[in-house]
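These notes open a run of structures that come right after.
Same chain, two partners: subunit A is paired with subunit B first, then with subunit C.
On to the complex of A and B.
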């Protein structure tokens, strides 16, 4: 026993790194080989996101703001995929913008992955448009409150927004009934709430998908200013299961393309990592208390 | 003069934005200030590039510790800038096939797109993923149940860690419906929505009061620290 405790006390952190690598890689390999995912029970916050989008009639314009970069892609790209998947299936008019410089590339990738691959009937500029990036953070939001074209004069392809069919009838951001943000930090969901939703007097609803770090800071706004919230990969997995079950209710998960199961697949490694963390905390405390006890004995 | 002009710009812009929020007649003035801000924000990218070059060149010339990394930063910056602005390898837009620069900078086949896909995305994802390893190591060494507060923190962490995974369902899914509130997945939602929300709202209100006080000090010219300490 004392030998085990001394090992724990002087454990090289590289063993912990190795254990973490195994606990994450194991589920990745298992899910990759078998294709099985863990079942999800959606929470009310995830259900609310789904319901808000589902409540919109086809042709309704929605604003999708990609406020993240590839660093947070592990958590947010599966969310972006599912959100665009549901919007495309509902035949909503999707207007993509980005307040982060690398957002437009992520928008293009999502369009390629979902719309071009599975909804080829949707036309660029008519059913969806990538307006691109604009610098200025909250100032862009403030300008969008009064004049959308002033904040985003041209699309990513260089076409004047006034000539884009997908943007017809849009004078200002409040003309969108729903704002969907995928947020990794500043500027992001919090700024959208503070500068747009709060000053809209209820004219615009907002749902967001955010990183785990942001989730706790956004809960105070749910469900009033924020109609729905997807927190981290768990929220993404819950929402993904909802979208999949509604779009392909009779299909088994094996029939669903892997890109639409990405969040649920990532819950496996998350489970492994969380269990390891708990085990490490317990072991660390055992070592700590044993050491304290032996110190007390030595002094007495 | 170097401090007076920026101070007055900040005061005027601040008051215009403040007034435009309360009086619709001054809304257009607020928009103008917003436009100016957007232009300044765009120019800040150039300033940022200049600052990056200045700091790293100084490091290299002084042969500071890690100057090699500074050199790599500058080389990567220069390559990305040249291939992005020059649209190297970008095929022309199909609508304008005769215009060599009409394609998108990150189109398939472009070097800029290649850098983004095969350098930036893996590097940033790797940096983010490394967090898991350091958090695990820190949890083993620092998360100790030393006192009541630490025990509460540990218990909450266990509930959230288990409740956010399928382990929560396996461990407490057997609980009957009348006790469903005690299921780990529901407990974790309860903690986030009640305890976390209460604490966060208190912090948000505190920050808002602090921001208001600081903003007033800047608007009235009392606080000038935002201009830096240089003359």
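On to the complex of A and C.
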């Protein structure tokens, strides 16, 4: 025991980094080769996101705000894929915007990955439109409350928003019954709640998918100001399994495309890393208390 | 061991492993593109007649598609190997490993990657600031004809109010730059005061509305929350569970508020409540830490997935390659 304690006390932290790398890489290799993923049980917050989208009749306009960049892609791209997948399957009218400068490129990639690949019947400008990025953070949200076209005068492709069929009937942000944000920080979900949802008097509902760092700050808003919440990769995996099972409920033998299993695949490394973290915390505490005990003995 | 020796060993091992991987199966890290010919009909207007504009786009495709096209026709040129994308792939792998190398020790590779990130980010923000803010907003209002004719033909003409507002914004912007001047730096305090005033005005209202009022309302919960069943009676366990949740919420809010109430000494009832408040705060910090760990591990997993899938071709979850990935990965693991 004393030998183990002395090893723990003098352990080079790089061994912990190596252990973490192995605990993450091992499951990735295993899942990548076998294709097996862990089962997911959706929590009420993830179910709420699914239900809010499912409750909208086909053709309803929804606003999807991509407020993130590739740095958070590991967590948020799987969410974006599943959210667009469900919206496209429901035949909702998708209006994509971004308050982060790299958002429009991520929107284009998601459109290519989901809509162009699996829903080729949906027409750009009619069933979906990428309005693009607008600088100004909260100011853009405030302007959208009164005049959508003033906040976003032209689409990413340079077309005046007044000429876009997908935006017909949209005068202001409150004309969207549902706002979906994928958020990595500022400006993001918190600002949408503060500047749009709270001012709307319940006219617009909002669901969000956010990074792990943001999740604990957004939970207080659920379920009153935030109708649904996908927290970190775990929320993404829960929602992904929900969407996959609902879109192919009777055909379990059909292979689900890998792009719709991205979040579930990443839960394997999560398991490995979390088990390691728990083991290290327990070991660290044992070492701490044992060290304290030996110091007390030495003093007495 | 000297740091230089350690680095020589690490880099040699990586190069050796990559070399072995390149010699197994179909190799690794190659990118392919597909040629897509595009065209658009341009309508006639008062300046030019109708025409057809044509251009070629190169879209990234999976290696499997290239192999299938080659099998069908060896001489095809529609899907080809892309040297530029392949170099990009190798650079992405190099920078990923260079950033990870900091976990072992600071080194020139890490510093190079860091400098590249800073440089690229600064340049990108400069370009975004110019094209997404200055051009459509400032120049679009001050020189609408020029912007309309040369850059954004669909940009609506600005109203008089917008033009006046933009002159005001331009003046404030120039005043802000006076901060850099050797004399007259005090002039920059005026636009800073304007920014602080506007931001405070915007934030106070929204915070009071969405955080103070709405969150306070959400805290007013009944301590006994009856859950009524289908027959109209109370369901015992759901009622207990719902009530317990509400009690925990109300107690947590009151105790945390007590902890931050420093006008009363934390003794007796106040002290015990503050102590419970500390426990709630610790649980909150623990949850926040747990979520942060989850987020960081997800990002690490995404990068390792990139290295294994796109670069080393060890795994193939998306079915991008014809090669038997399990064989390649197995061979690699066996060798290891």
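The rule is short, and it goes like this: the second predicted complex is superposed on the first by the 296 of 300 C-alpha atoms of A that agree within 3 Å, B and C clash if a C-alpha of one lies under 4 Å from a C-alpha of the other, contacts with A are read in each partner's own complex, and residues count from 1 in each chain.
Basically, a residue touches a chain if its C-beta (ideal position, glycine included) is under 8 Å from a C-beta of that chain, and two chains touch if they have at least 3 such contacts.
Computed from a prediction, not measured in an experiment: that's the story for all the values here.
A.B. asks: Once subunit A from each complex is brought into register, does subunit C clash with subunit B or fit beside it?
C.D. replies: Clash: subunit B and subunit C overlap once superposed on subunit A.
A.B. asks: State whether A:248 touches subunit B only (first), subunit C only (second), both chains, or neither.
C.D. replies: It touches nothing on subunit B or subunit C.
A.B. asks: Mind working out whether A:265 is in touch with subunit B, subunit C, both or neither, as first, second, both or neither?
C.D. replies: Touch partner of A:265: subunit C, not subunit B.
A.B. asks: With both complexes overlaid on chain A, does A:277 touch subunit B (first), subunit C (second), both or neither?
C.D. replies: A:277 sits against subunit B and subunit C alike.
A.B. asks: For A:31, select first, second, both or neither according to whether it touches subunit B, subunit C, the two together, or no partner.
C.D. replies: Only subunit C; A:31 stays clear of subunit B.
A.B. asks: Taking the superposition on A as described, I'd like to know which of subunit B and subunit C A:89 touches: first, second, both or neither.
C.D. replies: Neither: A:89 stays clear of subunit B and subunit C.
A.B. asks: Could you say whether A:290 touches subunit B, subunit C, both of them, or neither, answering first, second, both or neither?
C.D. replies: A:290 sits against neither subunit B nor subunit C.
A.B. asks: Is A:39 in contact with subunit B, with subunit C, with both, or with neither (first, second, both, neither)?
C.D. replies: The first partner, subunit B, only.
A.B. asks: Would you check which partner chain A:156 touches, where first means subunit B only, second means subunit C only, and both and neither mean what they say?
C.D. replies: In the superposed model, A:156 contacts subunit B only, not subunit C.
A.B. asks: Give the one stretch of subunit C, out of 185-193, 221-229, 239-247 or 257-265, that collides with subunit B after superposing.
C.D. replies: 185-193
A.B. asks: Take the contacts of subunit A with subunit B and those with subunit C, and give the residues found in both.
C.D. replies: 17, 20-21, 24, 71-74, 134-135, 139, 142, 215-217, 220, 231-232, 234, 270, 273-274, 277
A.B. asks: Per the contact definition, I'd like the list of subunit B residues that touch subunit A in the complex.
C.D. replies: The contact residues of subunit B facing subunit A are 27, 30-31, 34-35, 37-38, 41-42, 44-45, 93, 104, 106, 116, 120-121, 124-125, 127-129, 132-133, 135-137, 139-141, 143-145, 154, 157-158, 161-162, 164-167, 169, 185, 189, 192-193, 196-197, 200-201, 204.
A.B. asks: If we count contacts the way the header does, which residues on subunit C are in touch with subunit A in the complex?
C.D. replies: 103-104, 124-125, 128-129, 132-133, 136-137, 152-156, 202-203, 206-207, 209-211, 214-215, 217-218, 284, 287-288, 291-305, 308-309, 314-319, 325-326, 329-330, 333
A.B. asks: Can you list the subunit A residues touching subunit C in their complex?
C.D. replies: For this pair, the touching residues of subunit A are 14, 17, 20-21, 24-25, 28-29, 31-33, 35, 71-75, 101, 133-135, 138-139, 142, 149, 153-154, 158-160, 163, 193-195, 197-199, 211-213, 215-217, 220, 224-225, 231-234, 257-259, 261, 265-266, 269-270, 273-274, 277.
A.B. asks: Note which residues of subunit A are touching subunit B in the complex, please.
C.D. replies: Spelled out, the residues of subunit A in touch with subunit B are 11, 13, 16-17, 19-21, 24, 38-39, 41, 43-45, 69-74, 102, 105, 108, 134-137, 139-140, 142-143, 146-147, 150-151, 156-157, 215-217, 219-220, 222, 231-232, 234, 267, 270-271, 273-278, 280-281, 283-285, 288.
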